[in-house]
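A, B, C, D, E and F are the chain letters, set down in written order, and residue numbers restart from 1 in every chain.
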Amino acid sequence: MDGLITLWHDTGIYHFEWKQLVMMAVGALLLFLAIVKKFEPLLLLPIGFGAILANIPNAGFTDPGGILYYIYEIGIGSTVFPLLIFMGVGAMTDFGALIANPKMLFLGAAAQFGIFATLFGAIALNLIPGFEFTLQDASAIAIIGGADGPTAIFLASKLAPDLLGAIAVAAYSYMALVPLIQPPIMRALTSEKERAIQMEQLRPVSKAEKILFPLLVLFACILFLPSATPLVGMFCLGNLMRESGVVDRLSGAAQNEIINTVTIFLGLAVGSKLSAEAFLSVETLGILALGAVAFSVGTGSGVMMAKVMSRLSGGKVNPLLGAAGVSAVPMAARVVNKVGLESNPQNFLLMHAMGPNVAGVLGSAVAAGVLLALVG
Amino acid sequence: MDISELLLQAGNLMLVGMVSVFLFLGLLVLVVQSVAKLVPADELPVASNKPTTQAPAAQASNQVNPKLIAAISTAVQQYRNNN
Amino acid sequence: MDGLITLWHDTGIYHFEWKQLVMMAVGALLLFLAIVKKFEPLLLLPIGFGAILANIPNAGFTDPGGILYYIYEIGIGSTVFPLLIFMGVGAMTDFGALIANPKMLFLGAAAQFGIFATLFGAIALNLIPGFEFTLQDASAIAIIGGADGPTAIFLASKLAPDLLGAIAVAAYSYMALVPLIQPPIMRALTSEKERAIQMEQLRPVSKAEKILFPLLVLFACILFLPSATPLVGMFCLGNLMRESGVVDRLSGAAQNEIINTVTIFLGLAVGSKLSAEAFLSVETLGILALGAVAFSVGTGSGVMMAKVMSRLSGGKVNPLLGAAGVSAVPMAARVVNKVGLESNPQNFLLMHAMGPNVAGVLGSAVAAGVLLALVG
Amino acid sequence: MDISELLLQAGNLMLVGMVSVFLFLGLLVLVVQSVAKLVPADELPVASNKPTTQAPAAQASNQVNPKLIAAISTAVQQYRNNN
Amino acid sequence: MDGLITLWHDTGIYHFEWKQLVMMAVGALLLFLAIVKKFEPLLLLPIGFGAILANIPNAGFTDPGGILYYIYEIGIGSTVFPLLIFMGVGAMTDFGALIANPKMLFLGAAAQFGIFATLFGAIALNLIPGFEFTLQDASAIAIIGGADGPTAIFLASKLAPDLLGAIAVAAYSYMALVPLIQPPIMRALTSEKERAIQMEQLRPVSKAEKILFPLLVLFACILFLPSATPLVGMFCLGNLMRESGVVDRLSGAAQNEIINTVTIFLGLAVGSKLSAEAFLSVETLGILALGAVAFSVGTGSGVMMAKVMSRLSGGKVNPLLGAAGVSAVPMAARVVNKVGLESNPQNFLLMHAMGPNVAGVLGSAVAAGVLLALVG
Amino acid sequence: MDISELLLQAGNLMLVGMVSVFLFLGLLVLVVQSVAKLVPADELPVASNKPTTQAPAAQASNQVNPKLIAAISTAVQQYRNNN
């Protein structure tokens, strides 16, 4: 019965270190949030499961030859997975509301202040002993404020791969928490009267405008910000496939089989970066704290910008719309709609909030491009 | 690199970043407005206030006989089993 | 017309060796079994086709740069393909019947005796000149008795890659032959009265139990048998995606696009290992013989265990259920149902047999983990 | 390694393997039984005796008008062509 | 504000060279043809988009680490993508019309004269200073006359990777132009009376014949032309999955998720080869001119062969059918039908033209095999 | 290699290539004709003059109530959303 002793020496029980147990508990917590609380389950379920698998002693999931090793290296090390997700998101995005009211782009711009303020905050955290964030680390952390998962994973994989697990978890968790984080900030910064403002109906948008939009965005990006073209280019490819109407097979593949398959693997790969060494550090606490700051500041700056636009337009813009500028599509737009209905039961802001909402996606891709160009 | 130097750089990044983001998205505002003027409207315009194509489906489903839906699910199931 | 002579020197006819012709005939036989006899066509059709392609002289399918070379190295060399199939199978498996009557797990355990008896048998074959199976070879061969294709391919790719083709072909062929192999053994070991035993209706199972089941199986595996976690982990991931109800997009992808795509490539890759050198040997005959033994012994030991449980329960367990413990889902469960109906036309055993049937999948994954830990 | 040594090892593997498999699946029996006691039942319980979701579909198909099925297959076909 | 200067030095505007601008214009032209003119949009849209991305200065899409680099190396460098497309096309092809009237294979053979005449023409172009095509280059260019995208990409990636972009663009563009290129040639070579010939109805084809067809084609290819087996083998695998009727899941995957996904990536990868250095040369003009010749000669030789067969059969073959022999499925068959209807409103040639049309696919795969064997 | 040599090779390739293509496809003609003689016809033969399976679907769609189609698209949409 030497075999039984060999097996025993091989068991998890024999090899466990407390750190791995803690990381498995973190994985289980993510599964709980995904399944019971329905927090971004499409990502947090595979991330949580990946975190559990990656921390099994003696199983070798993340060693060369293990399945999570291959998935991470092929999919995230190459940045291919977040770009494919972005292509799929592009194919699922309707820019109609934004094209009808392009000034909403300013809200998507303003909300990115959450990113840059957090960057400053992350560097300021270095004043506290124990934190030693480089500019690269700080930039990768700050992009949590973009409220856009694939952008955060893309930038983190380029600038701070060691922090990728914590950054992705923070980004998706706070995106799920948008209905809790945003309303108090929105109410604090606006008056009852402002929140009750009704918007004019959006004009119809022609098919040609919708087809030209992704091409013009890409063109502007090529001219002025080439470092953002991987993200923006794949996003625009997806959107062009959608709007052109001539490649429905491909658009369908991007929206369904490709994005679904990649989501499973992306989640597992992110989870595989939730190793005890990388995650159980004071830096993770800092990242979680900074992420909350990022979302809050982004919401606030979006709302403030919307207040300015409301004044300038003579009260035709509901300041709540600014909160949708952080992206977190379509959650933030729904929150805007809900808070708006509280003040005025006739006030249906959902369509209007889709404009700043998708503008926020472009805004954070642009911010990521700026960060890549300047600190990458 | 000492911390004050880093803070200076972070501040600089904040400024440059926000300026770039506003310039870029501001440029897009102008571009989209120009396109709207130059491009003729569709004869049967696409309604811009439909965020997703699911909406009409969801509406329609309220009007549909549940028995029909059951029959259809069966068909879809069979279809799926064959694929 | 030198060109025509060059072409002639390039033809298959000019280069054929008889061994390649024999292997093509083997490939054609597999196609025949798949298409005309409907033996596990989803696997045997691509395996047979892959065998033909791999044995074309001068075509280079399995040389570096050839498509079968890439598919094998990327998919099976890395063990990624069998694990993805297992994820898909997990997403297609309903553990309800097993959760309602967990004692059926003992039947899934007992049937694994087919594996370990075959391991002993494979070593004993070394007494015959011409056979030189190592313990690794014997373990990979024995797993045929697990009646589970991806488990067999996973273990063979780790322990005995040279035998992979023969092992996979034997595993899938015998799974298709379950309706012929099992009934005589089942009838021989049970009395008419035993076969007529009707089972109590299964209790309803709650959603929470179904969600917790894959997590608890994974947890037990982490604690006691980490070497089985690649197989069990991916299986449980698929099942959790299914039962959680919050990621239907991902569960659908695992059950459809991923498993279908991987099945084509897995089959071709297995077929590419049916080269003349590896397959046309006395060892292949040994593997085919041992595979038949494995299925028969597994069926018998499952039935014997069920007879013991029938006695202990005072005749509440139909001993036929033990035969479903070999897995071969859902074929073995259907065979149980059919044999049961012969003795008692009111006796619908199908649902009851799904319990030991899926238990057999877990059982053989556990056995694979034990073999990996002890001889890997 | 000579053959008797190998046979001894194979026998040992058989013993250790079967013990491990029984211990592991036996543990699962206890775990599942405990969970069943601890977890409250669903208010509208999921029937455990449906092995696959295809069964109800197959049943339902007997009650469905064949013309309807034809119409549905058409629709599904069109749907598929568009995808 | 050093940052703004760094960003400025990073912009596309600062770095553009006129050649890249020209290539982006080429990409935009392909998008225009795809979206507005509906020229083979499934391929030309991703190719055009890929061409734009590949020529962005400072974005690194085609440098190691860039997404287009990975996609090209993994998918086309390995020849895996065109072979998977071919598998999907096989799964979508119904050989019924060809099996019912196998003599149509001669039309598919005759139309390949477009390939070999163009090969001669490409070498003859070397008489003009500035052209220096090797036999490999000439063969890769000539395959444009096969009117089959994946075959052209497969052969070009093996024989002349530098010309791949131009060859693929020419192949798909001329396939889209078939309704313009073919009718004048067809009318010039046939009389009104010939064009009015009605064909006998095709006999029913049994399921067994349809299942055996791909196997027999593969077998003939193995015996006589192993160098064509990668293309023909994957095509026959797809067709066997379709016709066997036992693996509908796999056939569906080949026809849908696999081919759609691969099409996006194949297009992007081809587009990534449209770099200024490779494309902006006199050779590209030569390739475009030779491609037009190839289609015209192929059409003409197909029609002439059909006239011979019409004579030999005593006027039972409509000579227009020869034009379908170039493949370009199903466009060429539709053109035949349309031109036939002009001369005789009762003359429905579509079904009859499907025979030579799919024969043309086999014909150009065979021609590619011959070229690979003799100049590869 | 000078140009006349290349032209000679190209001419040779043309000849060899066309001969090979005709021989190969001609062989297939014989093979298919033989198979047609050897293989028994289906009892309910597959009509060979259907190029695609869409044809019957397209036909059928003319007979189908548009309301039904709408209902079905809804069902398919729902089905798809769940997948």
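Things to note:
Operating definition for what follows: contacts are C-beta pairs under 8 Å (C-beta built on N, C-alpha and C of every residue); 3 or more make two chains touch, one makes a residue touch a chain.
All figures in this text were calculated on a predicted structure; none of them were measured in a lab.
Chain centre most remote from that of chain C: B (centre = mean of CA atoms).
Of all chains, A has its CA centroid at the greatest distance from the CA centroid of chain F. Between A-D and A-B, more C-beta contact pairs are found at A-B. Look at the contact of chain C with chain E and you find different residues on each copy: under half of the numbers used there are shared.
One finds 35 Å separating the Cα centroids of chain C and chain F.
Chain D and chain E have Cα centroids separated by 45 Å. The geometric centre of chain C is 15 Å away from that of chain D, both derived from CA atoms. Centre-to-centre separation between chain A and chain E, using Cα means, comes to 41 Å. The multi-chain contact residues of chain D, meaning those touching 2 or more other chains, are 13, 16-17, 20, 68, 72-73, 76, 83.
For chain A, the set of residues that touch two or more other chains comprises 3, 7, 224-225, 249, 252, 256-257, 370, 374.
Across the interface of their complex, chain F is touched by residues 1-4, 7, 248-249, 252, 256 of chain C. Across the complex, chain E is touched by residues 78-80, 83, 211, 215, 218, 222-227, 229-230, 233-234, 237, 240-241, 244, 246-247, 249-250, 252-254, 257-258, 370, 373-374 of chain A. Those residues of chain D that touch chain A in the shared complex are 12-13, 15-17, 19-20, 82-83. If you check the complex, the residues on chain E that touch chain A are 3, 6-7, 10-13, 15, 24, 28, 31, 34-35, 38, 41-42, 45-46, 49, 52-53, 56-59, 61, 65-67, 70, 256-257, 260-261, 263-264, 268. Of all residues in chain C, those touching chain D in their complex are 94, 96-100, 102-103, 105-106, 108-110, 112-113, 115-117, 119-120, 122-124, 126-127, 135, 138-139, 201-210, 212-213, 216-217, 220-221, 224-225, 330, 333, 350-351, 354, 359, 362-363, 366-367, 370-371, 374-375.
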